[in-house]
Amino acid sequence: MKTDVARIAVLGASGYTGAEVVRLSALHPNIKVTVLTGDKQAGKNFSDVFPHLVAATNVPKLVKIDDVNWADVDAAFCCLPHATTQEVIKKLPSSLKVVDLSADFRLKDPAQYAECYPPSPSRHAGPSSSLDGLQHPPSRPRQRLPAAAPAAAPAPAPQAKLILPDDILIDAKSGVSGAGRSAKESNLYCEIAEGINSYAVGSHRHMPEIEQGLSEAAGAPVRISFTPHLINMSRGMQCTSYVKLAPGVTAEDLRAHLAATYEGEPFVRVLAKGAIPHTRHVRGSNYALMNVFPDRLPGRAIVISVIDNLVKGASGQGMQNLNLMMGWEETTALAQLAMFP
Amino acid sequence: MKTDVARIAVLGASGYTGAEVVRLSALHPNIKVTVLTGDKQAGKNFSDVFPHLVAATNVPKLVKIDDVNWADVDAAFCCLPHATTQEVIKKLPSSLKVVDLSADFRLKDPAQYAECYPPSPSRHAGPSSSLDGLQHPPSRPRQRLPAAAPAAAPAPAPQAKLILPDDILIDAKSGVSGAGRSAKESNLYCEIAEGINSYAVGSHRHMPEIEQGLSEAAGAPVRISFTPHLINMSRGMQCTSYVKLAPGVTAEDLRAHLAATYEGEPFVRVLAKGAIPHTRHVRGSNYALMNVFPDRLPGRAIVISVIDNLVKGASGQGMQNLNLMMGWEETTALAQLAMFP
Amino acid sequence: MKTDVARIAVLGASGYTGAEVVRLSALHPNIKVTVLTGDKQAGKNFSDVFPHLVAATNVPKLVKIDDVNWADVDAAFCCLPHATTQEVIKKLPSSLKVVDLSADFRLKDPAQYAECYPPSPSRHAGPSSSLDGLQHPPSRPRQRLPAAAPAAAPAPAPQAKLILPDDILIDAKSGVSGAGRSAKESNLYCEIAEGINSYAVGSHRHMPEIEQGLSEAAGAPVRISFTPHLINMSRGMQCTSYVKLAPGVTAEDLRAHLAATYEGEPFVRVLAKGAIPHTRHVRGSNYALMNVFPDRLPGRAIVISVIDNLVKGASGQGMQNLNLMMGWEETTALAQLAMFP
Amino acid sequence: MKTDVARIAVLGASGYTGAEVVRLSALHPNIKVTVLTGDKQAGKNFSDVFPHLVAATNVPKLVKIDDVNWADVDAAFCCLPHATTQEVIKKLPSSLKVVDLSADFRLKDPAQYAECYPPSPSRHAGPSSSLDGLQHPPSRPRQRLPAAAPAAAPAPAPQAKLILPDDILIDAKSGVSGAGRSAKESNLYCEIAEGINSYAVGSHRHMPEIEQGLSEAAGAPVRISFTPHLINMSRGMQCTSYVKLAPGVTAEDLRAHLAATYEGEPFVRVLAKGAIPHTRHVRGSNYALMNVFPDRLPGRAIVISVIDNLVKGASGQGMQNLNLMMGWEETTALAQLAMFP
């Protein structure tokens, strides 16, 4: 199938991650977007919903998901909200390759899912790929940032016993697009502009999935503190992770370990010593940038990492997964560099 | 030369338009960036100057322009400030293909140039291409937006005698990147955020070149009023042009004429009736969007047009010109859709 | 009543203009806010709805408008949406002094109102003061900017026959707070950030009221073109008005006339020759700044004017009206200078 | 002196904190600004340097500091950069009351000052008041936030042995105005917009002064980690402080202790349980808001605090100090509520 063109459906195409899949697909020689679903917007031209894609003239109109003829689809991006996602995925043909951008299948423990995402329908077997990994075996063994990257930047560290597993504090700052396109007072321009606030302090629902990824990496239970902040930018996520180094380990050891671990990853860069990653350096691109710094408090280090939440944190990572699932070159359609300013 | 790889120099690569040429080049199969000049930054890695391009690992270090070996260069983008530009271009080998993004060669009348850009060195023969057109004949006759697009959106109208040539009022709003990367108090974040101001009211230096383009199109002298405004966005330019229709002509006639004129242009779209172009719809892309509306005042119409000033207004248009000069497909490396949000 | 304290109700206090009335009242020695209404938010502490006013500890909880005891209220600010406003004002005791910030009573012609604000309930007699003027006679004759200021900056000009009444083109740019606090997709941060767009081109509902004001000033019918643009700022409105000068009149004549007209107005400033008003110069203050410039097209001038739409364009102007109605010093609680940066 | 009017000089009035002193002074019945210094801008009208203060018509022109007649000045705000400050203060008459907004006198240990602010002139005796406290005894004993508030929000906690003194991690996010008005590439709008970055990781110069304040409060050495981040807002500072609770202490204990400690402070509010302070809630006001939350990691708490860096973090706190030094009501000219949106 390597050189063929696959017919792709984008489910939930009227949201930001759906639009981003279409944007990236325009540079993909193996993808033809043949189905766009959006139940509330069915019947509309895609460019009426997303006028910035007016030049994507070869995409179809939006349809209801129940009107899709799945025989005409080779693979699907599922860009639906949680809960909705599992209901939809349940009905898809089992032969369909699915890249799921939602949270519905990231947590392996259904009880934990039910706690984090109430009300919690009983969850069935998942899609081909959710963002935390591939179930279709990729062509080679890989270190992969899970969906909550860059919060998971320190992931390889507990595995190697370089940091203590019970004292990881992650201070995250993210852009507004992560909250989606639905109209909410709290996301109005006037409520967001020129300011910062934390939210869900002590209780954010992403913590269990970050812990799950870190625990798997460490081979032992890891507990974290994760405090998200919302800032006035559309895209981007930055994490400042405060970690306690294992006895005898230096921040430079941790940096070297991360650099070695991610070497060969096409979209992860551990920066040169001392260089600080900005969210502006990854805007619109599929790259994750990170670095490690000694903390002023003895025995501690600070890991700083950035991504574009809509690309590496969602649609770009999904495209990367699809490329691997389809046997295409992993970087296809993802070579765009960041856009600055 | 169609399938060959050309060796490209970017002169003045430490500014925003230089960075944008490198960003676009990453998607160009026929371009290898072999020279980056920046006299003040010579010796630095490009990613130290523009960390968002850290993934462009195959670009060279910055050098001084006097240290370039021109025998190793097939074509050059000149991203230098005006006045500097003509001094530099004077010294380049005449065989070198040059795409000039500066204002130095846009005005045909040296006296007018001297008035708009004092102090005014005597100007010599120009480069292969400045942004208002091509001196190397392109493969087919073309309607082209000049550099000051989208201010020139009404350009085809006087030619067709659809609007009066002496009552064109252009209210322009543009992002801050147009002012370049040099440190000036007036462009600090705190001076720009959350606000708008006009500048150069009644006297902006772009007026003569817009008039030159419009006059050529009309075959008769055209005079305009051009009032630029600076708003708190990094990229983008929007023009609201107030025009007086010729007797018997309607706004819809004008709209139809522009649509017909730009049909076949790969990067210009006259939108569906009533659709309003936003700058957000072209961010990061090479597209110009425009539309025409009836004014409430009888006999008048309003033309609204948008571009990304760093792409269609500078580096993207330059790349489009280079593609034509080199005999490559005109749209190469420019297929990226706009990035939103 | 000059030194007494008046008991003030704010109707529709859960919107931005309601909050702004409370903010300004904190500096007013003669005002005690005793009633805040908000039907959907009734029962809440005001600081739960507007946490930035947490320090306004002496304000009451929100109540439903039907639960207000009007005997305990001396004057009311009506900050309700149009249509709702007239229903509410109809029921208020006729003795109550009312400053109305809505559009419901600005248009004198009910038929025109019905056309601009459909569906159009039949309109009854208005409040004590709507923003375009005072019905309670002020202490001295005054030139006043109507609500749609600064669009009306040229208002005094037709009166004096300095400009032609049928060729006034107003290009307006305004912040997002003018659209209120209700949750709409088009006002989400991601939809607004880093961009500009026009809207309601050729048909904005404010045109008739601006024309009404200008026509009254001119003593003859005036027609305008008004094209609003939305930009990524919370507060502020800027108008660039393109006017045609009467024969023999210069831009400097017009400037001198405006300066003379507004002399003595405490909150209007015609700037020094050549100085350009920015919206950033009035943020949070009750000032209107303006200036006049010669256009490049012969016989034309450009009038530039700015206000903070929530202060001079709404709550501050309302407070100024209340001060006059109550016989207080006109500038009370309005002395705050603009906040920059 | 209570009802008299004091003649005030603002030294370094061409920077943002100088402008802010003038803005606040407009609401102060006891202050007449008689001197504004700015060596580079001497001779200019203040409104040419800060056009948003055009309505402050009673302020003098800028002069050179050497041209000030100190006999005409009762008190001075010193808004100069560090190093310059001590040179200037050295020459002032010893009778002059001085409120210093710089960092020059915050550190008590000259050696530490020399390390943090190289090159380090030998430092002489300080001003009447630097922002970390008063040398003129105030009228009553007070708990005061030091200059680096809100980083110092946990300050009262070590004193009461509620948190461990050697495991305090402060993640700070601040607006761009803290960097002043001088033209630097890194503070250009295009470099700042729509993004976040940390800086001075592991080495920020404010750490020693925060430690000094905390150590004094605790009566024992305290060491902190302080990681500042720059975000795209003009004003505001938010700190998320991760602290380890002493055995048996709960987050609610810490919250109650802070609430009790700051009770009676006119400008500090510990919010209701669960309420999250946003920087938008203090913009333009002199308030500090804070709250305490249990961390997900056992035995830890999170303290969140916000201020406007130009008001509570600089000019407003300075005004509060001046009020106390002069025997005026502490809150004079500081009653303005926050401006939102």
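Annotations for the structure displayed:
Residue numbering begins at 1 within each chain, and the chains themselves are lettered A, B, C and D in the order written.
We take it that a residue touches a chain if its C-beta (ideal position, glycine included) is under 8 Å from a C-beta of that chain, and two chains touch if they have at least 3 such contacts.
Note that the structure is a prediction, hence the values are computed from the model and not measured.
Using the contact threshold fixed earlier, the set of chains in contact with both chain A and chain C is B, D. Taking the mean Cα position of each chain as its centre, D sits at the greatest distance from chain B.
Here A-B and A-D are compared, and the pair linked by more C-beta contacts is A-D.
With centres defined as mean CA coordinates, chain D is found 39 Å away from chain A.
Averaged C-alpha coordinates give centres for chain A and chain B that are 35 Å from one another. Looking at chain C, residues 16, 176-177, 190-191, 193-194, 232-235, 278, 280, 283, 341 sit in touch with two or more other chains.
Those residues of chain B whose C-beta lies close enough to touch chain A in the complex are 16, 19, 22-23, 26-27, 50-56, 177, 193-194, 234-235, 269, 271, 275, 277-278, 280-285, 287, 289, 335-341. Across the complex, chain B meets chain C through its residues 166-167, 169, 171, 173, 175, 190-191, 193-199, 201-203, 207, 223-227, 229, 231-236, 238, 240, 242, 276-280, 283, 293-297, 300, 302, 304, 341. Those residues of chain D that touch chain B in the complex are listed here as 16, 176-177, 181-185, 187-194, 232-234.
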